[in-house]
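Should a chain be cited, it is by its letter among A, B, C and D, assigned in written order, with residues numbered from 1 in that chain.
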């Protein structure tokens, strides 16, 4: 396993990471990257064990419903780089037998890769979304055949890939990019049916980075994003060689969606858990600021907080149902029920903006106009701000202002914007979640219930739609 | 136990039931009452056992989480009279030890009452909501002191009560009225702290009835309400004597809310289960009519059905969570978690009208304009209606018309109106459910999560609101 | 012009109207038809003039924005039969010049027909929606070629039509059925491009009827529907001959949609005006029942009424905007702006169910459980009901009960169900209104505003989508 | 009048503006302040006239409905400093006669002040919201009597005030602070009934500033906020002397709300107009990005854009209705109808977050992950980014990326957060707008309509609630 310090050293590997147009020579010199890098390093230290053969315990799959349930608070504490590493490795393990059915040589490759990734204590990020060009067309019908990542050359010892993957969280700070097809592929799209692990520093890989870390200003004004935000990247594969032992799918179009589907299983566990906690956090913030404003007993404020409570509890119910009905892969890895998880994510995503509105409605305009932390440092201003930002009944001005700053950072600035967008888009977007729900729902049961409720027989057999 | 026939005979007991202004001499002569009476009688026959000491098995309390879960499909099959009998007896059993704490003589009375009710196979309905007068005032501050049921006289062997209870489902067709205080009472309101069982035919009891059964027309046009609807009543207690052995609370104001709270535990199990199934039924009806209209693959229709699916699944998740976190009374009776049940009912009630809108939107105007069943009997019309109501692809006209009639009956006529109102009002109305949710939610945890997310310390101790 | 009595006589014309499977010999003998018939007759008397050449003044088109605005309260007072007559005649007048462009002989026919309809004081109902069979297919691709009304035979003096039209309000009580294509037709669908006026009593016409009038029970329990409801019909044209002078379109597929579009102009004026008033009525009912319950000052009740007020005022704003931007046909007939009217109808329809929920939430369960009017007639019950239905502070029990009955009749029984369905479906359904809105919205302006707000130039010209 | 250059010079007046804890000696040296300062200066130049006695024409009140309508596009072009100056001066003119009724000496003061403000071409900002302490208590019941601005001393020639005002847009860049009571005052609160104009540089005035201008990074990544954002301030009055001629209210508690009410009239015109345009902008952005993504014809994308269109058109209808029913002050100044304006603002504010969700849903995750403008400058990256950000069909990558950046800046970063909060809070917050709507709505008409619809007489007179 790696210490935080060893992790830091491991990133000095010649990678081409760009930030605001600059090729970043030293990631730690760029504050927007250094902060999340430090958070990742901190977790390396937290989980470090010098014992021979030790691996990070969070990288093991849950083997029972109880282990699955116990995993949730652990996942909530991970940095996003470690979280996606977990998801990536689990995805490979679940996909292995399905791909092996048509390409038996692949299963041992996958197990070998996962073992060494655990042994070397790597951070592996998931690369799903392609550039896509015109998004209403399939890969083979694009103006630019590289709009989806594809194999453009073959050598005896591997393949050469070209294309780009978008929205890759933590790519700039990880070791390997786990490239997977974004969707099912059809015959004739064999070159697009490619899954493989690519080192971030492989020749031909270029990684941009966008950040939700405060670009400037006092970290105290950004109490959350200065600690928790993680850069997203576009990863460009400009004719990158991938050796055979790192190829996990190559041309098996019928299995192309296996990876995305497997990834979904694990991604949703973390994503849904996060959203459940996020909903409770918003309730808590609303209550704290209502109390600080002296408004916690005002009827319309309570009604809004009630709605936030009901929302948060519904989401928690969805997670509970997903855990109660957890299912196991053939290998015995437990994952939350698809249907309940999907529905919970959908509900969380569609209602999040309204919950933010309630919070802003309750808190007031000082969410964006409250004096900054540095203003409180100014000796002239401090007594005036303490006096005028105070909430009465002994609520200190600085405490109240710090609540406003936290609300702004979480919901009304760059990091809040990242949540607004990613809550909707993670896991494939709202429409994808509707499609999954439609597919999983037991419509035959619903139709039978409807006929029974209506006191009707089934539709005459001769009349069935084929 | 009683057979259906014995039950029918038992109702000829001199009761004063009024329907549309008439004192009904023979309940079976009034179609709007005869149909639900027959449904209740049918369940008497279904559960009848001639074995000595036999009691209806559904009247036993669940003793484990598994029994609780197994009970749900059973409850869904009960008529409402049997359903509320179950709730009434369970309510008494759970309330007994709490009342006994201050009035030890009451516990044996309750157990004796419940035992004989089971032995005699009675139907016992719950009487909660008072007339209330000006609903913004407490009992003692009303213009009319009888706005809440109260004790107006005392004898050595019992009390005399006066007042009225509203919204009593199945009262006209039951044996006993279980009278309970609708809410907590305060010192000075001792006379209002009265709980007791009153025979429907007790002198001074008057029972009105409203119905959602078709008042006229062909039962085939009302396939659901002609079978399933149950009359509601206002039960008036015009100086009714109650013997001591049927009094379960008398003046213990601090315990007045025990019954309403206990009732809530059992009422919600049935109510929430019903709403979960109802949501699936609406999905099924939407899909059936979309198929019959040839529109099941049209994008905007699918989107609406998706929303209905997501709603139904969220409700089911809420019920699952309530079962997973089922709690036990001190006596070992299992009931679903309050918080999740409340939230599920709230969500079901607030979204029901929108789900009905989706169904009507998908189905089309023929929900209300489709020809009646009798129209299809007319030899001139039948071939024309079969031809023009057909949906193409072999969907028969009569089948499609029967779907429209069922949708109308369930959602756009008297019985649908009953659902619109009672889905909101059952269990105390939306606001009551918000209050319960607010009380049960773990706000301290939410505040702690918020402070942690915000990177803030707790509010300075000196500044805490008392 | 006709008196009410003459109108009654005019309906004894051999028409084949069926109600619940029976051919109705005398419309006035069937209570569900007699009541709306009487309402129509009442308006005949109201507008009757014995002056030679007199015509009903409401059947004239508005000639200015001011006349259009003044027409609204007039329309609100009309029975539905007179209302649709107005719409039908206006539709013909606006369609005439457009059809005349390709079939010059038709314009004089239309004007002659409209003139005699006014002179003879006829009621003319609009027949738009076809049977449609499989609704995802066009007329020519149906299993049954009669799924849309079509010409099946030709004679020197006219045509023979076959098919059925659905959702025809007041057909059983009118004189003429104005048959129009439901949508645009394509080359090859000439036989479906037929518009004509057919007497209700023409041989081969069969008219079913569905009703929202109380089928039984005391009219006082149905204070609205016993007065205002109007039956809907399915009108079947079983090889009906139509003489040439009553044919307004015959084979001109390119003009097939002219009638539906023209109809839309006039239909929306009435429909939107009605919904605006309906929204205010719901506010009024909510406030009245809140006052009667003693809850008008309770915070959460006020909040719900506030939402209803805001909804009603938004709708009124939509109507105001439609009037302010009223447009004129080439003939100088003023009609409300399409875009604002569509949007207002859409908003009204999508929010109606939620407004009904607020009303039920505020009113309470007595909406469906309140004693009937006849119960108050019973001498034993009356004093008890007056006592226990009273609202405190002098609110009489019977007054309060009558509010509950009105709310039930308007929103929670057959007539309320008719509103739930028709509010959504009138004018083509929600999806049709979205399509119209999409077509009318000035997207180029919105895109220009967006580019300006974004500080962006327009998309490079070479890159424009064709 | 002042040129832009003269305006810049006028701000070097010794004012105490603080930014992030620093006292800012030269406003133009602080980028977050320099950019909005330049925007204001630009409008000085735009409207400058050297003619003697010239004043800025936008500072004149509309004298007819037509002038009011014509003013809207003009207001949309103003910077916020000029916009609030307009509002402040109009507020004073409308308030003057009402205050003069009890304090005749004040009207000439107000007119003299307005005249000189126009002549000197000042920027005057409105200071309404007080610090408020515990917001559930009135001014006189606060722990700190200075929680609301008050008179703490009197001299022969004026008064001394103490307190703070929050959320003051453009205060740091204006000349005068127009201090007004935030609400009605009661007898005993005379010292809080103070309205006056205070120079920003008056001794004792301290002004903080928060900004939504990009704190760092490339302005091209913030195409809107780098141009349009305006700082907000907390203005602290630490025992500030105000000469008598600048006092517009002093102790007349009954008139305290006159200023806030007058301000509302003018504030809403601009605010509502802005929101109407903002809604169209969001539609345009959604359509542009859907086209750039190749998804503009996909059904679920079109449905979402339809919803945005309907929302935008409803808001426009609200503005149209407010203009059609514009009202005039006694002085003949036209302002939009209160009721329609309030309702439109409420609808705009409550639906804004959902419209943002639709935009993010349509656009995709690249809203936050798209490469920065500077990334496109990098010669290595540029061809790769152009290739992989291209949308197909000739949609250039940089154009598409620039749309994502604009959407992020407008809706998912600091400036978007400012909109989320201020759309809700401007004009007093959602609850305030509900209160106003409740007050203005014609409830008597609604109740009469309801009784008529219900076929009911009015409630018996004896039973009326007093």
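List of remarks:
Everything that follows uses one rule, which is that a residue touches a chain if its C-beta (ideal position, glycine included) is under 8 Å from a C-beta of that chain, and two chains touch if they have at least 3 such contacts.
Please read these numbers as outputs of a predicted model, since none were measured by experiment.
Under the contact definition stated at the top, the chains bordering both chain A and chain D are B, C. For the pairs A-B and B-D, the count of C-beta pairs in contact is higher at A-B. For the pair chain A and chain B, the distance between mean C-alpha positions equals 43 Å. Centre-to-centre separation of chain B and chain C, using mean CA positions: 37 Å. Chain geometry summary: the mean Cα position of chain B and that of chain D are 51 Å apart. Contact of a single residue of chain A with at least two other chains is seen at positions 300, 303, 393-395. Touching chain D in their complex are the following residues of chain A: 18, 20-23, 129, 131, 133-137, 142-144, 146-147, 163-164, 166-167, 206, 208, 210, 212, 214-218, 232-234, 236, 238, 293-295, 297-298, 300, 350, 352-354, 356-357, 360-361, 364-378, 380-381, 384-385, 387-395, 408, 411-414, 416-418, 420-422, 424-425, 429-431. Those residues of chain C whose C-beta lies close enough to touch chain D in the complex are 223-224, 227, 277-278, 280-285, 287-288, 291-292, 296, 302-303, 305-306, 309-310, 312-314, 316-318, 320-325, 339-340, 343-344, 346-347, 393-396, 399, 402-403, 406-407, 409-410, 434, 437-438, 441, 443, 445-451, 453-456, 459-460, 462-465. Chain contact summary for the complex, chain C toward chain A: residues 299-300, 303.
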